[in-house]
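Take a look at the structure set out below.
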Amino acid sequence: MIEFEDVSKRFDDKAVLAGVTGRVEQGEIFAVIGPSGAGKSTLLRLVDLLDTPTGGAIRIDGTDIHADKGQSLSIRRMMGMVFQKPAVFNTTVAENIAVGLRFRAADERAIREKVEDALEIVGLAGYGERRARTLSGGEMQRVALARAMVIEPEVLLMDEPTANLDPVSVEKIEDLVIRINRDLGTTIVFSTHDMYQGQRLAHRIGVLMDGAFAQVGTPREVFTLPASRNVARFVGIENVVDGVVVAAEDGMSAVDIGSARIRTRSPFSRGERVSLCIRSEDIRIAPAIRGRRVFDGNILPGTVTSVVPRGPFSRVTVDCGFPLSSVLSWKAVEDLDLREGSQVTASFTAASVHVVRAGED
Amino acid sequence: MIEFEDVSKRFDDKAVLAGVTGRVEQGEIFAVIGPSGAGKSTLLRLVDLLDTPTGGAIRIDGTDIHADKGQSLSIRRMMGMVFQKPAVFNTTVAENIAVGLRFRAADERAIREKVEDALEIVGLAGYGERRARTLSGGEMQRVALARAMVIEPEVLLMDEPTANLDPVSVEKIEDLVIRINRDLGTTIVFSTHDMYQGQRLAHRIGVLMDGAFAQVGTPREVFTLPASRNVARFVGIENVVDGVVVAAEDGMSAVDIGSARIRTRSPFSRGERVSLCIRSEDIRIAPAIRGRRVFDGNILPGTVTSVVPRGPFSRVTVDCGFPLSSVLSWKAVEDLDLREGSQVTASFTAASVHVVRAGED
Amino acid sequence: MYEIIEGFVEAIRLIVTLDPDVMAIAARSVIISLTATVLATLFAVPLGAAIYFGTFRGRKGLINLIQTLYALPTVVVGLLIFLLISRVGPFGSLRLLFTPTAMVIAQTVLILPIMTGLTISALSGVDPVLRDTLRSLGATRLQFLVNIMKEARFAILAAVAIGFGRAISEVGAAILVGGNIMASSFASSTRVLTTAISLETSMGNISESIALGIVLLIIALGVNLAITTVQHR
Amino acid sequence: MYEIIEGFVEAIRLIVTLDPDVMAIAARSVIISLTATVLATLFAVPLGAAIYFGTFRGRKGLINLIQTLYALPTVVVGLLIFLLISRVGPFGSLRLLFTPTAMVIAQTVLILPIMTGLTISALSGVDPVLRDTLRSLGATRLQFLVNIMKEARFAILAAVAIGFGRAISEVGAAILVGGNIMASSFASSTRVLTTAISLETSMGNISESIALGIVLLIIALGVNLAITTVQHR
Amino acid sequence: TTSDPTPAEKQQLRIATTTSLYDTKLLERLTPIFEEEYNAEVLIVSAGTGKAIEYGQRGDVDVLMVHDRVREDAFLADGYGVNRRVFAYNYFVIVGPESDPAGIKGMQPEAAFTAIREKGMAGTPGVVFVSRGDNSGTHSKEKAIWKGAGFNYSADVQGSGDWYQEAGTGMGATLEMANEKQAYTLSDIGTYLAYKGDLDLVTLVDEGDILLNIYCAMQINPAKYPDINSTVAKDWVNFMISDDVQKEIASFGVDQYGRPLFYAAQDDWEKIGVPQAEVKDPIA
């Protein structure tokens, strides 16, 4: 449906996008994630015809949307957009939401009904007559959302739509997005800095880095099989270690990381420089054992250097010659009596190590 | 250090704050969490003297800060604030950050150095000469942060300081906040809708709901022992079930929730109406067993109704007469071969049920 | 100094007695200046929008030109219009000279630059995100403009107030193309408050001048209150 | 119509030959109007800020009054100043009447309302978050104002441009308190471009009037280019 | 010889007049009478002599009323005007401070001017002459007096020192200025009388042929502008020299100033040196 072909965008002499290529399918929810300043907003603005690419083309159903200015309006009317820093018109909340419907000459009664529904849905029932300018940050964002949704666009673009919302509101909005996509078949492209939101909502995720998609794939692919060291870091894989393949056979290889040798599954051959990505939840922590045990994987002795609460879990960092982070429930931390200085072993299977070529990015 | 005494604030005829009472200690990091529109921004603005309370008093080191207009400047100069929707002056990034220092007549050289350092710290090294107006959402937020930090205030107020940032930047900023608090002894009050951020950073958390603090406590207290049903919901306890105490003895009680009886530890006596809060990570899921087993806790048969990925985990919802959510690693979900319709048992200990009086809020 | 007090007294007298001459002159002032303001608004607002949102070559130069025309002396405007509509001028056959219509034209031309310039300022005061929001909601060009105007209504109405103030207070053009005629019929007369003030002044009737000035300001106050009411809606 | 062309030719002639009379008159225009504009700015900007940020009773009424004074006819301003400084007026002993100083005073008074009003508009265009940011950064009242002004500089300089335009183009007050005197010494003369234009017009010298009008606009263009340059810094 | 007595539509008559005549309000007295009698509407535009003549030259008015014989002659000679009729006259006056630092009281105008210039050039304190400096009829008269006194105006008078200042404004403003500076000036009698109450200036010279001020009305040439309103224009000019109006003129201003502002021209054609036809003969 939406095709990016080598899209680039420069501001003055700063290249923000440089060769974005990818495709969003009809009816898909597509998340654009990437570090602050990566160009997520810029990309969405290009799709919404609010800016013109410096190079390349964006096609919707085959038409280059920037080619024919005469078509801009009809293309734009297919789309709705929620801006990152939403602004409201200096009128009532209801009037704000009605704007797009008025542009489409909807009748007064339909407008009133749709606006009421939308207010209800975004959790602002009864706010209709409030002056929009006095809303709180989160309330404004919800108004912006309602405003874009009531026009029932074919493509909904959302630039960090829940950045100012609390988890309860976020959940409501996410449910709504899923419902819109499912019930109306709306194609949804949104940017987020909340990777888990990307994962919760998106059918596919594009990781925007250094001006291009570093990886496009299903949430599972992106989160478990990041395409590069940077993507791995960005999607929250806390343990990324560089090393050299010293032995490779039957898809199994040993990687020398300096302080240890790690067994992995990887297609790389001897001598190649690689990065190992190990999710912290794949690392098991056990009390230090005397002697060695046979184990089909990696088992490394070390000292706990920190125990930090993280939501319902704790993050335990172990120094095994290199730092290794693991996530444990609070209960496990208590049971194992883990604290700074505890002697432990950290273990993980060869299969849980994802290997990427080093310096790919 | 900062004392809130029955602070209230009305806008026109809308009461936003109504009786906020609490205390932030010197050198403390205090998080204000609460739903969108709860009044977090309003509270911070009152502390920064940007608005006047309708009732009550805010005291810093014993002085009512709103009492003497003549003191406003010196009180304000103790504080720095980062706004929720930060705005930048129409000049360079460096000049934006320097503003507060210029107000304090710092010398040109010191300004240059501090600004350079601050840019480095917030990850915008080299952005000094950029026009601030063209920054991305996250970049602007970091500039606002740097601007408030360079003046090294005694109290740093931050209104959702990382709402527009990606996790990598968030982590950097959080580290920075912790460092400022530790190294300079700065008292920090921030609002956030990211409860985990509250937990990661704050020594204590105040949960703002319905115009007042519904609970103030350490992150652990707030997350494991929420004071009310609403707080429980808000801090992400997914399972909150209402019932009536039908038996109570030795601190143990049985609660009838309609479809089942739940064994809990609680101080409530027979006949009292209570809400049970059970964290989803405390719920274990096992294959359905035939017959019954003795178990010091609760064991409920049920049917899986959904399996939804959530970050590195999956959320499994089981219908046991009432819906019960549990969090499992992807691996566990695969091992147990969980899918919609699977017959399972859900179990949790009596100790993992936190009981609050129903309808307290 | 006593002339000022006398002027006040006289102004009150003129108003409470509804002095028919003064009423006619005041009415003419209001009609002519309001018409000119409305006309100028109808030209200036779209023109300002076209310039503000336009991307043509020479845009900056045009804005500078408009700013420069703020300094257009009323006499020069009067002269130019005079040359165009005097009997030997290109529009002489319309016989517009010394008519209220000519005054409306001259005042419209006079306030056009300032109203266009202020429209441009008003538009640039609108949050760019709102502009993008309108576009993204699929506004046609007209809908876009109407909504931006609504958003900028405060500043645009301020521009209208300034335009009206300039129109009703100017005298150079009014006297040149109107001629300050006091005829026996209302429609043929071209005496307005400012030209009457000039005349009284030239005859040394200072208190009468001040009285008329006060009448003028009272009218302006009324118009401004009306504008403020719309502004705050 | 040929007078317009003739006017252009004459304007060019006056400029290239540096006609000493015209140069003196033009210089006087610039000096008087610029001085008035600077003075008015010095009053209007703090006044506008005080009104905008003030919370006193009658604030709304005051703003309405200021808007009303946009319509203050130049002749009335001239008369009021005239009454104050004429020999029998309260400031008569200063012997200011028919001096360039008197013209500066009159023009300052004339453009004060519009510049104050536009300052208020300019300030209300500044993002409220920036105002809060300045306060929260511990700005003193002065630092606050200076920085808000800096932020509103575009609109404030636009107000300056409008004020200057109005000052240099007005004639009613200039002629009443200045007297359009052409004396042999530069300092005792009070003839400026607009009064000269009036004079030429009253003598029926239309092309000369237009030529002087063009000279005036060229000066205004220069001043505006200077203002634009500052605006975009 | 008059217009149709029952016209369906009122005719409009446009008159350009000099300010000094208009400001006396003489025309205000006369127009209602004319309008009544001729079923016409009179539109009067008052302007400086130069501008009034310009209006005439362009055919923007039907009748011109001025007081500058030299320029009138040129105007007629160029074919813009026809049928000039003189309807009133009075005298210019030289006014100045009571102290009369140049000592001109009672002198002939030419001698008075010579004295003012001499004292002024010599820098005698308080000797200043304010000129209209606007090419008006009054200014023309002033120049004529300078010429009569033997001076070359542009070389010997204009810009010759701070004693001679050009006001470049109307008569009223010039009087105000002269009053402010306690200076001498030349004024028409009407404006001077109108302003007298506000002024400290006194009449110092009011006799001398050269001070004669003659007001005329003339028709704009219909041959130049065929669609001009020549019938009513004719009526107006004839009206001005009619007996009734002449009487009216001779008494105008007596009630207000205790003396008339004008003398009727009807019988004084010899005294003021104009052809009899110009005061007596109605236009055919």
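Letters A, B, C, D and E mark the chains as written, and numbering starts fresh at 1 in each.
Heads up, the rule we're going with is that a contact is a pair of C-beta atoms (placed from the backbone, for glycine too) under 8 Å apart; a residue touches a chain by one contact, two chains touch by 3 or more.
These numbers were taken from a predicted model, which means no experiment stands behind them.
**Q** Starting at chain A, how many touch steps does it take at minimum to reach chain D?
**A** Each step joins two touching chains, and the minimum needed here is 2.
**Q** So if I look at the partners of chain B and the partners of chain D, which chains show up in both lists?
**A** none
**Q** Where's the contact count highest, between which chains?
**A** C-D
**Q** Whole-Å distance, chain A centre to chain B centre, using C-alpha means?
**A** 22
**Q** Can you compute the centre-to-centre distance for chain B and chain C, using the mean CA position of each chain? Integer Å is fine.
**A** Roughly 58 Å, centre to centre.
**Q** From the C-alpha centre of chain C to that of chain E, how far is it in Å?
**A** Computed value for the inter-centroid distance: 35 Å.
**Q** Quick one: which residues in chain C touch 2 or more of the other chains?
**A** 201
**Q** By residue number and range, which residues of chain B touch two or more other chains?
**A** Those would be 85.
**Q** Got the chain E residues that touch at least 2 other chains?
**A** In chain E, the residues touching two or more other chains are 47, 173, 176.
**Q** Dump the list of chain pairs that touch, please.
**A** Here the touching chain pairs work out to A-B, A-C, B-D, C-D, C-E, D-E.
**Q** Quick one: in the complex, what on chain C touches chain E?
**A** Per the stated touch rule, the residues are 86-88, 97-98, 179-185, 188, 199, 201-204.
**Q** Show me the residue ranges of chain C that touch chain A in the complex, using the header's touch definition.
**A** The contact residues of chain C facing chain A are 127, 129-130, 132-140, 143, 147, 150-151.
**Q** Along chain D, where are the residues that touch chain C in the complex?
**A** 1, 3-4, 63-65, 67-76, 79-80, 83-84, 89-90, 114, 117-118, 121, 124-125, 154-155, 158, 161-162, 164-166, 168-172, 176, 193-194, 197-198, 201, 206, 209-210, 213, 216-217, 219-221, 224-225, 227-228
**Q** Chain C touches which residues of chain E in the complex?
**A** 12, 14, 19, 23, 28, 31-32, 35, 41-47, 58-60, 170, 172-173, 175-176, 194-195, 198, 225
**Q** Where on chain E is chain D touching in the complex?
**A** Going by the criterion above, the answer is residues 47-54, 57, 133-136, 159-162, 164-169, 173, 176-177, 179-181.
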